[in-house]
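Next come two complexes built around chain A: one with chain B, the other with chain C.
For the complex of A and B:
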């Protein structure tokens, strides 16, 4: 769903530019290329950390230094359409420039009836971490050897960003 | 022959009637109120003293599989400050390009023969420039001293690129700075407000000026890479006054620290008014002179421009002037011995109370003569007392337009009182106000507080502003600024519109089309 949102957003932005700059270029239709393991990811605020945002567990991509970024992710099996859990995934991690790989864990979150399971990991932003966009990458490897990766859409302002 | 079209029951103003009554006005087209928009970013003209891109454009590069980090010390500072950028664990003995990511920002206009519509702004992100180069040592490290470039404020990503690969990433935040000079003087003292570090984004790219809590106008720095220099005058009474630079897009974003751009801060200074020595002299502040980057001129049309006109040419002894100015015109390349007329292409109408045809082209005869044996003719005409902005002088012979040339009508102050009784109404009279969304309206401040606007389209460029002498006895300031008009046709959320545009002199979209729109600075003495 989020991927769809990104795609529509990207299409909208691109459409706007296309309207402003000739010649217009054809857009890639949604969905894009078929992949073995499509991955969704987002970031939310944490209830912990030396610096805490005013609202917790809320989607955002702007985090001040010393705050904790919570990565949330879902990986789907394109053959079955079902989410991949710790039973099917050999390993999963977030790759952040200059940081050790951050292991993603599968678990249930929330309370009934809104309890939901997903992959997550928390990253405490170091006090001296560079400002600006964090070009992170998420990697899943399934037990059967297939990979799934996630890169942020190239939409500045929608990417994970470290602020003072 | 009266061909001026009345629209939806609106009466044409007397000034127009007077100007046109004895003239042969030839209508040659009806225009919808909302012509199909073809908005385009207008290239930035060369603004004197404005910074250019902070370095040469960098070649495209790709992120490394294992990207490292760069350390900037400090990593928050104002333009012009020194900082050190260092990296480690990079490929040893390699040339490194320090690529600074930034944006370009342009205004968006829809420029047509019948009008110019103001659309907004466009930011082009992801512009990488080379800020410096160095070489990694045997251990793959480097340390490079750099100067914070004069660039848009906010966060900039910085990459160490080796052989086309972004091997490491850092970041830098350019702070906003504010300087106001002087901070003391009599009523009417001209203050220079210098801002730097305005951002490239819509929300981070402007500021507002407030004088004693009164809104003075908006400040932008789109074509000047986040730098802005504006002027306001110190208003009374004697004593301390607060000059506040607000954050946000147009007015004041009061909780900017809770926004995604908490660094887009404002500032505040105290100005001390030392005395009231009476009204300062009236003055006109013109924008910088730049070479336009867009050729489109209103009323310039190829309609009825005959092929037989090939070879004909026309020139004027001035390219701009106020209404009633005398202009010498010379045309050449015409058919000898045949009558020649000059006419003035303009429009009439308004933007109010209309849903169909709101204005139309008309032409006003300027005189003429007979082409001499060498095919030339010379004459002098008076700039019609009508709309300001871009017009065209056309050379007509044998029912065809043989040649044409653009002329810009500047706005001017016709009259303003110097002394007014407290609480009494008074008028300021302008002429040469235009009709496009760049120049159809003026914004008026009274003692640096925005009090309203005046439009010149329906009254054919003639604007009589009705004001009231408030604030008690003493000197009071009236400043008249350009304004971007956002209505009829209205576009989605045009920013910075319908308010005094304080940065008109260096960052106004009309500069790209040759519009010279000034600020008029007047003053009155209010007496008991």
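For the complex of A and C:
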């Protein structure tokens, strides 16, 4: 009986330690454990569109209906460590719920002499697009068949959001 | 003499054709060169700063910050050799290098609420009240325990880079 009591006590203590340790271990790295083609993306305001933000070309995740969202992106080839250009990519697009896929284009940005090339696309938010978070996804397919995807970290307040 | 004249005309013609082509050389890809570790990063409004500044909206992606505000750097990194997303146990150092400031150490931890909240690397910089106005060319640097290095710099598009503005 004494042995059984001790065993139950020990199990309880072990269980308590496990319960305490669990939250520290349960840290799922964003965007996953492994990534074959890592993708950078952000959203900036546009100089065009029916509705324009007070600042142009600045990073933000809140856009009113009828404004234009500019997606900027680049992807690295894990084999070479270099960015994937239009020569290595079969297709690249932004998938927005309820919208046609938005093709990403390779092109130069910035002003001389600091112009650099990366992928981008502009999305004009329809006047009747649902308000709230837009769980968009960016997809790259390399010529050799590998895929790279980007999803925003699912953190409230920092995701692309359509406002009135 | 005639041959010399022809040669000179041909050379001049070639130079005239080549010069515009060279001037139109494609702009370099971003990010430049090759890296061992990929880093994604952005900046969002921190809930507060060491100067007590509280933004109108917390946790919003932003690149314009007034003096005394808190800049929350968020990042994740991938070792391109192993394709593994780096966690706390994988790195020797991970920090933000800001001109004229002590390095901002990035720490790995859960962001947001809920059981499925993702873990990211984050670090907060409180902008000093006298920090120079304008673009902040910060860099994020990581070294893994396998001695592989990575760096992040914002694309050189001025309006979309971290910028310090006067306090409202």
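The rule is short, and it goes like this: the second predicted complex is superposed on the first by the 131 of 164 C-alpha atoms of A that agree within 3 Å, B and C clash if a C-alpha of one lies under 4 Å from a C-alpha of the other, contacts with A are read in each partner's own complex, and residues count from 1 in each chain.
Note that a residue touches a chain if its C-beta (ideal position, glycine included) is under 8 Å from a C-beta of that chain, and two chains touch if they have at least 3 such contacts.
Keep in mind the model is a prediction, meaning the values are calculated, not measured.
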Chain A residues touched - chain C or chain B, whichever exceeds: C
First, second, both or neither for A:44, with chain B first and chain C second: second
Chain B versus chain C as contact partner of A:133, first or second or both or neither: first
Partner chain(s) touched by A:156 [first = chain B, second = chain C, both, neither]: both
Touching partner for A:54 - first (chain B), second (chain C), both, neither: first
Chain B versus chain C as contact partner of A:83, first or second or both or neither: second
Touched partner set for A:118, first chain B, second chain C, both or neither: second
Which superposed partner A:62 touches (first chain B, second chain C, both, neither): both
Touching partner for A:164 - first (chain B), second (chain C), both, neither: first
Contact residues common to both interfaces of chain A (with chain B and with chain C): 62, 154, 156-157
Residue ranges of chain A touching chain C (in the complex, touch as defined): 26-36, 38-44, 55-62, 72, 74, 76, 78-83, 85, 108-111, 114-118, 153-158
Partner chain A, residues of chain C touching it in the complex: 26-36, 38, 40, 42-44, 57-64, 74, 76, 78, 80-87, 108-113, 115-120, 155-160
Complex contact set, residues of chain A against chain B: 19-21, 54, 62, 95, 97-98, 128-133, 135, 154, 156-157, 161-164
Chain B residues within the chain A interface of the complex: 39-41, 63, 66-72, 75-76, 108, 122, 125-126, 155-158, 168-173, 201, 258, 260, 262-263
